[in-house]
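Letters A, B, C and D mark the chains in the order given here, with residues in each chain numbered from 1 onward.
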Amino acid sequence: MTEFLTAALGFILAMLALGLVSILRGPGDADRMMAAQLIGTGGIAALLLLGAVTGVPAATDVALTIALLATFASIAFVKKGLPQLDADEAGSTEDR
Amino acid sequence: MTVATILEMVLAAVVLALGVWTIAARETFAATVGYVAYGLLVPLIWVRLDAVDVALTEAAIGGGLGGVLLLGAAARLRPSEPATAAETPGKIVRLSAAGASVMIAAALAAAVLLLPDPAPTLAPAAVANASATGLANPVTNVLMAFRAMDTMLEKVVLLLAIVGVWSLASDRAWGGRPGPRHQAGPHGVLVFLARLLPPVGIVVGIYILWTGANHPGGAFQGGSILAAMWLLVIMAGLTDTPAVGGRWLRLVLIAGPGVFLIVGLGGLCFGPAFLAYPLPPHAKPLILIIEVAMVSTIAVTLGLLLAGAPERSDQG
Amino acid sequence: MSFALDILTIVAVSAGAFFFLAGTVGLLRFPDTLTRLHALTKADNLGLGLVVLGLLPQAGSLRHGLKLVGIWLLALLAGATVSQLIARAARQSGSAR
Amino acid sequence: MTDTTIFGVCAAAAVGLGLYGLITNPQPLRKIVAFNLLGSGVFLLLGVVGRRGAAAGFGNDPVPQALVITGIVVAFSATALAVALLLRLFQTAGSATLRSDAPTSAGINPSGD
């Protein structure tokens, strides 16, 4: 079972890396903002599998922390990444 | 080559590739995004090294708060980028820098790989004295008891950093509020998230603090989650950043190191030495009191460090 | 019983890995920001959900299992909100062609 | 090949990368990012040392772990101060260059410590 989970973990990590390549290369900043989102899902999946493989149950707590802070990072991406959004009265433009 | 070895090589390769991107990317904003991704992936290595306490801290700081700090600065400094990009040093400088970096990296790798076997360690001593505090997590024991002086001074460093940041305010904004005032409509998506997530985040933060006594976790990791939740509420426009001149704010800022210092002096007056804790049944409650005072200080300090220097006067 | 649970783990984690593959293929192949965002959020959230489902039989205690489910719910909430915000930002900055 | 070998080399490479970026990148913010990368490599090195020194039934030596946690906090404080200084420089001078009129600006350390 451990072998299988390790292989799945390696596969998901490779997918994560490929996804990051395409995101970081991507033409606009909006593409790059997806990076934290990608880590928020793929990274957590990898971390949970790693906890099961390595026999560290506390890895779940790390995943919980990353889930919260990746969300925070994504929000900050959107708020700060596009200055025009923040400058011209963020409230009205963002909520329509 | 086992499956586990291949996995470790994939993990190291992904992390290093992100490191290369962080250094080599042309735009600063893109490089910073790469650093955030790097900071959120390094915890996997720490978990693999069986250091979950550090993994928690790296996840909270490296990826979360630190990444957001650098990202905000990159967005604000964007107009200055073309001017400074022209100052790239010449080929000779770059080549010699690359040479020096490779040499230092090789020396470090050799030093780590050629450590004497078995490596010198203080772990047995840390385990032998664990009963003195009543805490089961050895890392918390080292942080809060055996090297308590380091932890106390670390809080003083945080305090000095916030004093340094605040002293950069212009005369007009002295003692005022940091950052812009965010505004958002009452029915926006962001406001929805900022109402839903912080209660969960606060529970998780307190859980991480509480579990730190016996399992990986602790005041700093919990405090950074609380800080992130606070900033989320501020970014959604539900509340404003506090004026840095406020008395209550300053009281919270010194609560952590203050309580630590009082307990330490108590050890000097009633016990054998500075920061000496009393015998087992009383040590754990004292440490918990310090941790609770520290977590509020850490949450407020980290949040204000991210918010930056005051930019608006108190009324604005 | 434990054999059946192991089978469940293998099937669910494999399916989760497949959805991560689908998400990455979508990121690499789709032409513009909005479709790539669509590929990323749908496929990856489903992938994480399946991985969590697969790890549930391996979780030692009820508390651990509940934490796993909680992480997935948090990721879903974050994914839904953040992808909305990114899509809006992309549309306004005009990078979504 | 054990985990300490792989991650030890990875950590050393991160230090090298960070150092290279710190020297060659002209933008101060990039120098700060590079310095953080360097610091993260040093922390990882300590983690690998702690892993090798694992004894008394631990996966990783608790003493270096505690040192690294303290180090991460101090590095974050220094980064926050450096970023604040940089933003203030940009605000008052209108540019974020570290270059003064004197040709050598080698002594400037953007990390703030």
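Details
Everything that follows uses one rule, which is that a contact is a pair of C-beta atoms (placed from the backbone, for glycine too) under 8 Å apart; a residue touches a chain by one contact, two chains touch by 3 or more.
All figures in this text were calculated on a predicted structure; none of them were measured in a lab.
Chains B-D form the pair with the most C-beta pairs in contact.
When chain centres are set by their Cα atoms, the one at the greatest distance from chain D is C. Taking the mean of the C-alpha atoms as each chain's centre, chain A and chain C sit 10 Å apart.
If each chain is reduced to the centroid of its CA atoms, chain A and chain B end up 19 Å from each other. For this pair, chain A with chain D, the centres built from the Cα atoms lie 23 Å apart.
Look at where the CA atoms of chain C average out and do the same for chain D: the two points lie 32 Å apart. In chain A, the positions touching at least two other chains are 16, 29, 33, 36, 56, 61, 64, 68, 70-71, 75, 77, 81, 94.
Annotation for chain B: residues 4, 48, 50, 65, 76, 189-190, 193, 197, 200 touch two or more other chains. Annotation for chain C: residues 74, 77-78, 81, 85 touch two or more other chains.
Pairs of chains meeting the touch criterion: A-B, A-C, B-C, B-D. The residues of chain B lying in touch with chain A in their complex are 3-4, 6-7, 10-11, 13-14, 17-18, 21, 25, 29-30, 33-34, 36-37, 40-41, 43-44, 47-48, 50, 52, 55-56, 59-60, 63-65, 67-68, 71-72, 75-76, 78, 180, 182-185, 187-190, 193, 197, 200-201, 204, 208, 211, 215-217, 221, 224-225, 228-229, 231-232, 235, 237.
Interface residues of chain C facing chain B in the complex, by the touch rule stated above, are 74, 77-78, 81, 84-85. Interface residues of chain B, counted against chain C in their complex, comprise 189-190, 192-193, 196-197, 200. Only residues 1, 4-5, 8, 11-12, 15-16, 18-19, 22-23, 26-31, 33-34, 36-38, 40-42, 44-45, 48-49, 52, 57, 60-61, 63-64, 67-68, 70-71, 74-75, 77-78, 81-82, 84-85, 93-94 of chain A touch chain C when the two sit together in their complex.
Taken together, the chain A residues at the contact with chain B in this complex read 3, 6-7, 9-10, 13-14, 16-17, 20, 24, 29, 32-33, 35-36, 39, 43, 46-47, 50-51, 53-54, 56, 58-59, 61-62, 64-66, 68-73, 75-77, 79-81, 83, 86, 89-92, 94-95.
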